[in-house]
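Okay, structure first, notes after.
Order of writing sets the chain letters: A, B, C and D. Residues in each chain are counted from 1.
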Amino acid sequence: MDYVTIRYITKKPKLNNPILIEGLPGIGNVGKLAVEHLIDSINAKKFAEIHSKDFPPQVFINTDGTIELVNNEFYYWKAKKKNQRDLILLTGDYQGLSSQGQYELVEKILDIAEEFGVKELITLGGYGLGHDIGEPKVLCATTGKNLVKTMKKHGAIFKKNEPGGGIVGASGLLLGLGKLRGIQGVCFMGETPGYLVDPKSAKAVLNILMKITNVEVNLSALEKKAKEIEQIAHQLKEMEGLSKEKSEELKYIGWVDFTRPQIFLEQVLHLKQLD
Amino acid sequence: MDYVTIRYITKKPKLNNPILIEGLPGIGNVGKLAVEHLIDSINAKKFAEIHSKDFPPQVFINTDGTIELVNNEFYYWKAKKKNQRDLILLTGDYQGLSSQGQYELVEKILDIAEEFGVKELITLGGYGLGHDIGEPKVLCATTGKNLVKTMKKHGAIFKKNEPGGGIVGASGLLLGLGKLRGIQGVCFMGETPGYLVDPKSAKAVLNILMKITNVEVNLSALEKKAKEIEQIAHQLKEMEGLSKEKSEELKYIGWVDFTRPQIFLEQVLHLKQLD
Amino acid sequence: MDYVTIRYITKKPKLNNPILIEGLPGIGNVGKLAVEHLIDSINAKKFAEIHSKDFPPQVFINTDGTIELVNNEFYYWKAKKKNQRDLILLTGDYQGLSSQGQYELVEKILDIAEEFGVKELITLGGYGLGHDIGEPKVLCATTGKNLVKTMKKHGAIFKKNEPGGGIVGASGLLLGLGKLRGIQGVCFMGETPGYLVDPKSAKAVLNILMKITNVEVNLSALEKKAKEIEQIAHQLKEMEGLSKEKSEELKYIGWVDFTRPQIFLEQVLHLKQLD
Amino acid sequence: MDYVTIRYITKKPKLNNPILIEGLPGIGNVGKLAVEHLIDSINAKKFAEIHSKDFPPQVFINTDGTIELVNNEFYYWKAKKKNQRDLILLTGDYQGLSSQGQYELVEKILDIAEEFGVKELITLGGYGLGHDIGEPKVLCATTGKNLVKTMKKHGAIFKKNEPGGGIVGASGLLLGLGKLRGIQGVCFMGETPGYLVDPKSAKAVLNILMKITNVEVNLSALEKKAKEIEQIAHQLKEMEGLSKEKSEELKYIGWVDFTRPQIFLEQVLHLKQLD
């Protein structure tokens, strides 16, 4: 096994000028939630897995008692209509743990993207504000000025020098390293308080993604989750006098893999019982 | 010396379709205790050592004043009866310190396992609950659905999505990376409070291991240790008003190499004197 | 992409016996401020970028909404007068994050320097005192005794065993590793409290650099910034009873990229609003 | 430059069956102090330097204003009498920062040792007790049982399972990795409180080293330093009600390079002024 290894689990799909869309874990898990709901909604097919020695040395346990080595996963979807494009979708359990691991991972992702002829990519993430918000806006950044214009037409928002800290992690590196290879890229960052997983922000991100890709996504599952989270957030706020320990548990929840809802609910339940 | 180096200290043993059983340090040192007692009880023979640049830069001092570079060790045992299988047993002082080190170490272990024709492996560890328990149960996870069935027949317990955090370290990686090579694997995790080394949990793990391997293990040494630890735990609880410093010393004990009982008892004694 | 990669963005300039001048981020951002103002003032031209897998996995966002992968940048300037020398100027967003990353980066910088025939280099940095100072002095250290003499003639100050901790980072390594290659080097360290970016200290460093290189630098922009910072420092001091959290925000400011003044001012403003 | 690089600064000396003696920085700087005083006393000659990318990216500043890249240094000394042996002496500014860096460094040191025909090595260090002691004893550990016997004859002390944590760092690894190459080794650990640099413990270590090597070392400089430190320790104890900050400064002193006494005294002075 190389430092970063690609493993195809089906024959390599034949794709026509595909767009790569990335959503890995991050603040509010916005990007991951968005891409996973996109995958479910359009019934995209998994075709490859990436393993890295810079991922945690960990396996997850499926509901049937079998294990799964932590990974990143590639899915594809073939366009159904004329105004659509083939898609490659990337999500996963982790980003690289170290700086070098992040660079190696993104370089490998770009190698694979180039193999499939990807000339444009879209990365999705959250923009943590640290306070409650009403309707989350979606900030944008791109690899080129032309794309800024195009994205503004689609309603994307650009704020001068925001986020001030730039874009950290795969969503940023895919644009930065992709640009060096001549791949055009756009990053959408959904505003999020950043405390909990944020399906509402993921929905906002998917709304703009739908406009750009002309792909219809069923948002009902995401809306349902958003309501659940809102309720949980409400209950959490009601628990006044939270001990420091508990607020740390809370922080942790923000990083829970929401796509494993049983675990998540058990954890929240556990929190409530403790109270 | 490579990043991970195997050093044979005897001629390579000839083994017939052996099972690899791993027990490296971890929560409650459950896996390490179990495999070391198995080795002692069946009188398995050491045939190789692994060194890694990702182990701490450290030597231990034997009772005779000589030193030993920290390592992992391979033992073998040849089946005595028709319903038994040859065994390769792995234990050691440390797991890799970094993610990459863990992956490299497990890849090397699997290389060696394949050299000896290993097609099945069993990993042993603890499942830390953070609170006292009565009789520790043994949770199970496997690489395939068939194995889940087989293990259930042997009385193994599967809990949906437990452990929630998956299996971290060599016990998890050996299953995850082994699966990619077509090696079948089972992990047994003995429940443990996780505060102290836990011979009781190790005994529970060995009980199920005996059923599966048809190898009889003399558990009396482990039972004796379990009683000692119970007594110590009892005394520790009696020491009320433990300063924070001392509770940290306590935590440390959970990681002490219990197979070096003199050290361990001295440390506990030291604790008591301090009180 | 290698661990450290050079990317030329223009044809390689033809330079005559150039001096390399380095100013990367560090205490008070003294070196970075000095080199960036030198570049602006003499209108030096960018000709190459360095990327490293040991830089943070991050892109910055330009004011036009486009992204820029974090990097180090090479500029050149050709001598206008007889008593001047061609210059290569190095600045950037980050130094390497790890020890190894720092060594690799500096080795690459020296490789490039040698390609252009560099035989002398000057590194610029801050010397953090941890307390307020009046007029910052500029300490000096060199690769050889002859250079000590020469620099003393130019008014450079040498204090026995100061800085006591030596010089850490690129400014030190360029001298240390350069010396092993037979490249002569001088480091100028401007005294600085080290709390905020310090244009005043950068100005002091540029003053001595001008004497040595016979290059005139317009210091007015730096002086203006120095006044702004002085005012901010004054206001910050007035905010008595700063909560611990805020003092940490303050510390952070010292590392803010002052060459992105909008961000910086917004952050300070934000601080003031909080008050 | 390789990850670890040896650089000869004189012609390779011709040595006859030399013993390698190591004393790198560590607890109480016992080993470093001992080897440096040995070097001074017998006037050993420096012949090589080691640089490593796992050392800090740092240069030190000499009293004349010139810089020195942090390193490890090899010295040699040729036997004067029949009952003496040629010596290779190793000291330096740092040990490797990471586990891997430590292994790589020690492997390189052993490569060089083997080049000069080293078959025996002695490593020197401190054994931190965390409390005041009267006359420091010198504990011993060896690579083989025969050596245990020999060392006991010379008055070396072996305590069952002490140090409990084994020997960490170069002093341990040189024995552990050397043993794998068939090099015999002995480690002497001088007891030390571990708070300050400990010339008294270094003297105890040199006393036993003299017996084994039949090399006379002038201990007067070390005795003088020991008195200075005793006085400082006394004064420090008198400063009651030390703030936490100051006790941390104190801890730091234990790591100060005592061979740069000006710096050290300034730091202590600074402490006293603060009081």
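The rule we apply is simple: a contact is a pair of C-beta atoms (placed from the backbone, for glycine too) under 8 Å apart; a residue touches a chain by one contact, two chains touch by 3 or more.
Since this is a predicted model, take the numbers as computed values, not measurements.
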*Chain located farthest away, centre of chain C as origin (C-alpha)*: B
*Taking all residue numbers at the chain C to chain D contact, is the shared part over half or under half, that is, same or different?*
different
_Inter-chain centre distance, chain B versus chain C - centres from mean C-alpha coordinates, in Å_ = 52
*What whole-number Å value describes the gap between the mean CA coordinates of chain B and chain D?*
37
*asked:* Which positions in chain D are in touch with at least two other chains?
replied: none
*May I ask you to sort the chain touch graph into line, ring, star, complete or other?*
ring
*asked:* Show me, using the given definition of touch, all chain pairs that touch one another.
replied: A-B, A-C, B-D, C-D
_Considering only the defined contacts, which chain A positions touch chain B in the complex?_
1, 3, 7, 51, 53-61, 63-70, 97-98, 101, 260, 262-263, 266-267
*Which bits of chain A are touching chain C when the two form their complex?*
96, 99-100, 102-104, 106-107, 140-145, 148, 158, 160-170, 172-173, 175-177, 179-180, 185, 187
